[in-house]
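Each of the next two complexes has chain A plus one more chain, namely chain B in the first and chain C in the second.
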Partner chain A sequence: MAVVAASGRGHAAAAWRTTLRDRPIIPLIGLLALLVLAIEAADFGIVTPEWAGVIVRASIPLAILAGCQTLTMLTGGIDLSVASVASMAGFVTATLVNSPGGVAQGIVVVLVAAALVGLVNGVGVGVFRVHPLITTLGMSFVVDGLANVWQLQTVQTGAGVPPVLRTMGSGIVGDVVPYSLVVFVPLAAAIMLGLRRTGYGRLLFAIGDNPVAARLSGVRSWQVLVVLYVISALMAAIAGLLISGLTNTASVTLVDTSLLPSVAAAVIGGTSIFGGRGGFGGTMVGALILTVLSALITVLGMPEPTNQVVFGSIIVIVAAAYTRVTSES
Partner chain B sequence: MTALAVTTRRHNPDLAEWARRDSWTIGLMVLLALLLGFTKLIQPNYGAFGIQGLGISIMPLAFAAVAQAIVVIAGGIDLSIGSMMALTSVVAATQMEGQSGTFGVAVVAGVLLLGIALGALNGALVVATRVPDIIVTLATSFVWAGLALLVTAAPGGAAAPWLMSLTTGAFLSDWLPKAAIVLVVIVAAIWIPLSRSRLGVSLYAVGSDQLAAFRSGVAIGRTKVIAYAIAGLFGGLAGLSLTASTGIGTPVPGPYTLQSVAAVVLGGVSLAGGRGGVFGPLVAVIVLQLIQNDTTFLGIDPNYALVVQGVILVGVLILGSLLESRRAG
Partner chain C sequence: MGAMTIATTGLVLEATGISKTYGAVVALKSASLAVRPGEVHALMGANGAGKSTLVKILTGAVRPDGGSIAVRGRQRTVHSPAEARHGGLVSVYQDPAIIPDLDIRANLRLTETRLEPFRHWLAEFGLADLDLSSLARRLPLASLRIIDLARALAIEPDVLMLDEMTAALPANLTERVLEVIGGMRGGDRSVVFISHRMSEIGSVCDRATVLREGETVGVVDVTAGSEERIVDLMLGQIVEQVIPQAEHAAARDETLPPRMSVQGLSQGTRLHDVSFDVHPGEVLGVVALEGQGQDELFQILSGARRPSSGQIVVDGTSVSFRHPADAIRAGLVYVAADRAEALLMQRSVRENIALPFIARIGRWGLIDLHREGRTVDEAVSRLQIDARAGNEVRRLSGGNQQKVTIARWVAGGVHTMLCFDPTRGIDIRTKQQIYVLLRELAEAGAAVLLYTSELKEVQLVCDRAIVIFGGQVVAEIDRADADEATLLHAAYHLQSGAALPQELAATAVEATGGEEPAAATHEPEVPA
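Then we have the complex of A and B:
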């Protein structure tokens, strides 16, 4: 009897582990709830619907950038050019405000530029098989350099973040619902449906899971990858526009500090950096976790350097705990 | 073990075999020679003085690239090198300020030990948590950068005079910059015995196939921790050379992390691990620095140097992959 009970308990534990492994979003939401409780404990009464709105607004651009990492990581890649593309997008749009076509022209220009960057990334990774880390890193140098050159040439025109972007990036309806959800909800829905319901989404998983098997099954990997990196660059540009609106800043280095958090959010969200496993749901929670974490550190009144130390330590701890909970063995 | 030693050793009597195996480094040397010729062409006065300047300016990145190469050969990646350099550099500069030269020697020893400790911590975290290297070192890069800011919020401190004189000027001939001699002597003194030792073979074994290495009796965890610790030592040396060449310590990390990854890949080390050496990356560092010098001399906007760097990085690798596929095909 005792043996049966014990094995039953073992069974339950195993089942619990399996659930956690298959649904990594459950422990993540638990962690998010814990962090919210912690911030409430640290500063009683801070957690209100308005606060939640501010947190969501801050985490939306990060979630989009982390989405770029999620999609590329599913194929075993990574996109280190997202920060440069995002900064470029915000900056160039701001410099084109006074152009004949106005904001719309600026947005079209940066989306085309971003698509070109993504195209080069995709060709480098997909056709020439250069490591994604290196291809996208090289492209980030190129984009940074060109953005700086552009900055020197337009320094006289007096750049300003266009009001429509300010509204889109920082506006909050009724003090609770951020405007940027208008962009984010369709985008997130498209990503999640795309990954789960379309053939293209399955190809991403297939290439990441086993590139050889994918090739032998007749997948033209290079086409999939070229499209993927273009999508990633376009998403990065959109995130950049939102960030420049949110911070009311146009700078060629604006988004640089979000590059590493974007990778961290995707990994904390349960996407494997080796490909084939993950999804956007976890990534969104990962972005929320990192945003709440920064807020918590600010509430605790730590100076900026300590802030960085704590932030880094917590990323290791969360990733370690997460790996332990969801590991195969 | 013997079989492994045979496959990873580069000392093959067969010259053709050597040319085939080291074709990448040879190609890189040709690129370097062309660049030197080009430099002489555009700057007819380029001579001993230019070489001395080159010697000093490559030092920090050269040590960083060696550090990165060792970790990458062992199958990891260290994204915390730039922050580690900032931390070791400010510790050295603040401790040496106003102290005697002899105390400076103790500081140098202490800083190198600090580097080893930081690296070993990276390695221990990677091994203990089983979180991907890229995430662990990404997180610790925040930690080291935060600690550097805690040591000193603003650039400051001083370098011991002997340390600065160790890296400026020339030795014996005007054409032999002291900095380059120090660099080569230190790297050779550590790398040559290491690469010929059992440990060196283990590094390659772990990097090329972890499972095979494990089954051949290589202690995976220990090897990884040691690889990161040695990288930490070189990170400390890179930090010290920053202090030596600028005379102060700067708490904000430079662009060294990503540039070290770029130099390593350009230097023929496979990001998949287990292939390459430290010689290629050193040549790559000189190539990158010469490009920067030439663009400056030609009066080209320094931002284009960044673009050129990115284009060369991706372009050379695309070329390499084309040559590779032709040879295979």
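Then we have the complex of A and C:
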């Protein structure tokens, strides 16, 4: 049955399907371009380098949070605690501005706290085999609760978002290049290189594709998963710091509305929620698409809830498209 | 079932020019199948010939790219199994299509099956007193298979398709099923019968359609001597007897200490006090009927399960495995029969082969792609893997997939290989390549433990064989004596030398808990 089929129309259709399945980033960039054209049509002259800088700046924290979802979804998991961890990170850093160690101390405390949350997630998922959905949802409540306790303790000492975070999160060099790229570019490069060229990255795909096969090949998945959820929580904390700098806000619920968009960006970017398929390249484009989409909705003067309807519809449509091209029959 | 307008052809089912491609792979080129009224028609073909694709197309599970299907002379386009059923085509598979959380009556209602004929067929199979309100999941699997068949018969389809339906039935039920199918001959309805057992084909089928590489290559009247002709058609140009009957007696060196020594291994009720040695340079066969504890033995040796007592000594050191990684570190690598268990189906051939290299925490860092590529390429060419569809292993043929699971271990160098029925369900050419490879590994100093359900493999590949029955080692047979008849006797725990009457075989099957032994499918052959 190994005969190569080569015939005109069927071949073209097959090639298109293959592109969509193996390189979803190409059609995604096409979709992004369409959206940019649409926003330009809706408000002539709006698309400028400065506008692009603002869009990229807004996309970066979302792309990092979506990165958490991408990495966990590759193993067949998900991380629903990212929003809580991110909010906690921004808030706690702000409360520690006046501490002896200043901002640096705040960031260290926050990263350690995030790593602990990730450790609990990882042990829950990897060692106790609780479903990631449940584990991370539970941890998000725990983190929310602890952040609220912290808020009650420190209500008087809070001193606002430190300037260095404001610069990091919202600064734009020459009105075009967002400062946060300093954080994002190395992080994105590390994720993409890690997924493609390291043994650890391969194992994420392997566990998501077939955990039994991974085990029989000698992979101890709990080790992989514990490290994974720690990485995810650390990334969430970094995103939280950027968001609090971007919005100049420190609040324990700041990032809550970004949780579902973070999942959406990963799904739109071609990462399968069932594991074993996807990557960070698509996720970055997915985050840009969602940011441009909400800009478009704002430009069109539609009310905020429209955003939700459109987001939801896009996710379902894109997911359906992926299911069609990735199924074999 | 509609009006009985018999068209000019007089055929119940006529499929012509059926084609189907998956991406670059052609599953069916031009398959045809013509079934006359009242006949039992065998559909034969080696693995990958397109049998299962054709059945899926006929029953509406897969849509063909081209060709036509006519039932009783009327064209049919079948989009779903339900449509196929209304069109007079019903199929029964090895796994019963019954919803476990519903009772039997509700399951029948799902397919609009009438109760009287269903009860009639149940009685035919000796299940007259089945309680229809019992939950499907509470019934034994064999009963569910029979229920599935009785339901199909009760629908009174024009064509009943049985796809490997008898493969997992106990012997006594298989006999009943064959009788019932035989009884349908000469009537108005027909049966399409798929089975790997030539004896079943011979006993119930009138004609056989043979597929090879996606094409119908012949239709044969099934008579006394037609087996040879069917096999010839299935094999095509491939000459079967190229298996090197290597002079491999010298490979084993008894003076060397054993590579692996299994001492008094027990596991619950399944395995009792199993002991044996495997030496470097030796292929040790394991022969057993299905369910005699060989599964547990291999799981323990591969680190997937812990024994309740006993010990494993590798190269003189006692080892205990908590995880497959421990077994791999001790040099025990495992090739599973179930490729879905061993492969990352969405990943590439390369990643699948390289998976064990990166498993250890110390190897999580950057991959030396150049070195990895070389190792993988070597393994691919050594095993002659056809990696054209190598981006995703799921698009490879079964034989190539199995080679990937072996290549994974060969690439890293083999000390001790545990093969659990590695040639199950793959084509004959790949089987031969695997035989040759196992011999080569042994000659290079590896120890190989090979469980096989195909008895003739023992003499082809093994130096000697142990026979497990009821969780115990009951015999050890040297290669010279390990002909199929001897092995089968030993597997049934009978005294060798005596003839093996079928009734005795059936009794032995019942005694072992009703599971049909795989070994029974290979009756001792009289040399031609």
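The rule is simple: the second predicted complex is superposed on the first by the 307 of 329 C-alpha atoms of A that agree within 3 Å, B and C clash if a C-alpha of one lies under 4 Å from a C-alpha of the other, contacts with A are read in each partner's own complex, and residues count from 1 in each chain.
Everything that follows uses one rule, which is that a residue touches a chain if its C-beta (ideal position, glycine included) is under 8 Å from a C-beta of that chain, and two chains touch if they have at least 3 such contacts.
All of these numbers come straight from a predicted model, not from anything done at the bench.
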Have a look at where A:12 lands relative to chain B and chain C in the superposition and call it first, second, both or neither.
-> neither
Among the partners chain B and chain C, which is in contact with a greater number of residues of chain A?
-> B
First (chain B), second (chain C), both or neither touched by A:185 = neither
Touching partner for A:212 - first (chain B), second (chain C), both, neither | second
State whether A:220 touches chain B only (first), chain C only (second), both chains, or neither.
-> second
Using the superposition on chain A described above, determine whether A:33 touches chain B (first), chain C (second), both, or neither.
-> neither
Would you tell me which residues of chain A are touching chain C in their complex?
-> 1-5, 10, 14, 18, 22, 197-200, 202-203, 205-206, 209-210, 212-220, 223, 276-277, 328-329
Complex contact set, residues of chain C against chain A | 21-27, 29, 48-50, 62-63, 65, 213-214, 302, 304, 323-325, 328-329, 334, 336, 340-347, 351, 354-361, 363-367, 369, 386, 388, 391, 394, 397, 408
The residues of chain A that touch chain B in their complex are 80, 120, 124, 128-131, 133-135, 137-142, 144-146, 148-149, 152, 260, 263-264, 267, 273-274, 304-313, 315-316, 319-320, 323-324, 327
Where on chain B does chain A make contact in their complex?
-> 79, 125, 128-132, 134-136, 138-143, 145-150, 153, 258, 261-262, 265, 271, 301, 303-311, 313-314, 317-318, 321-322
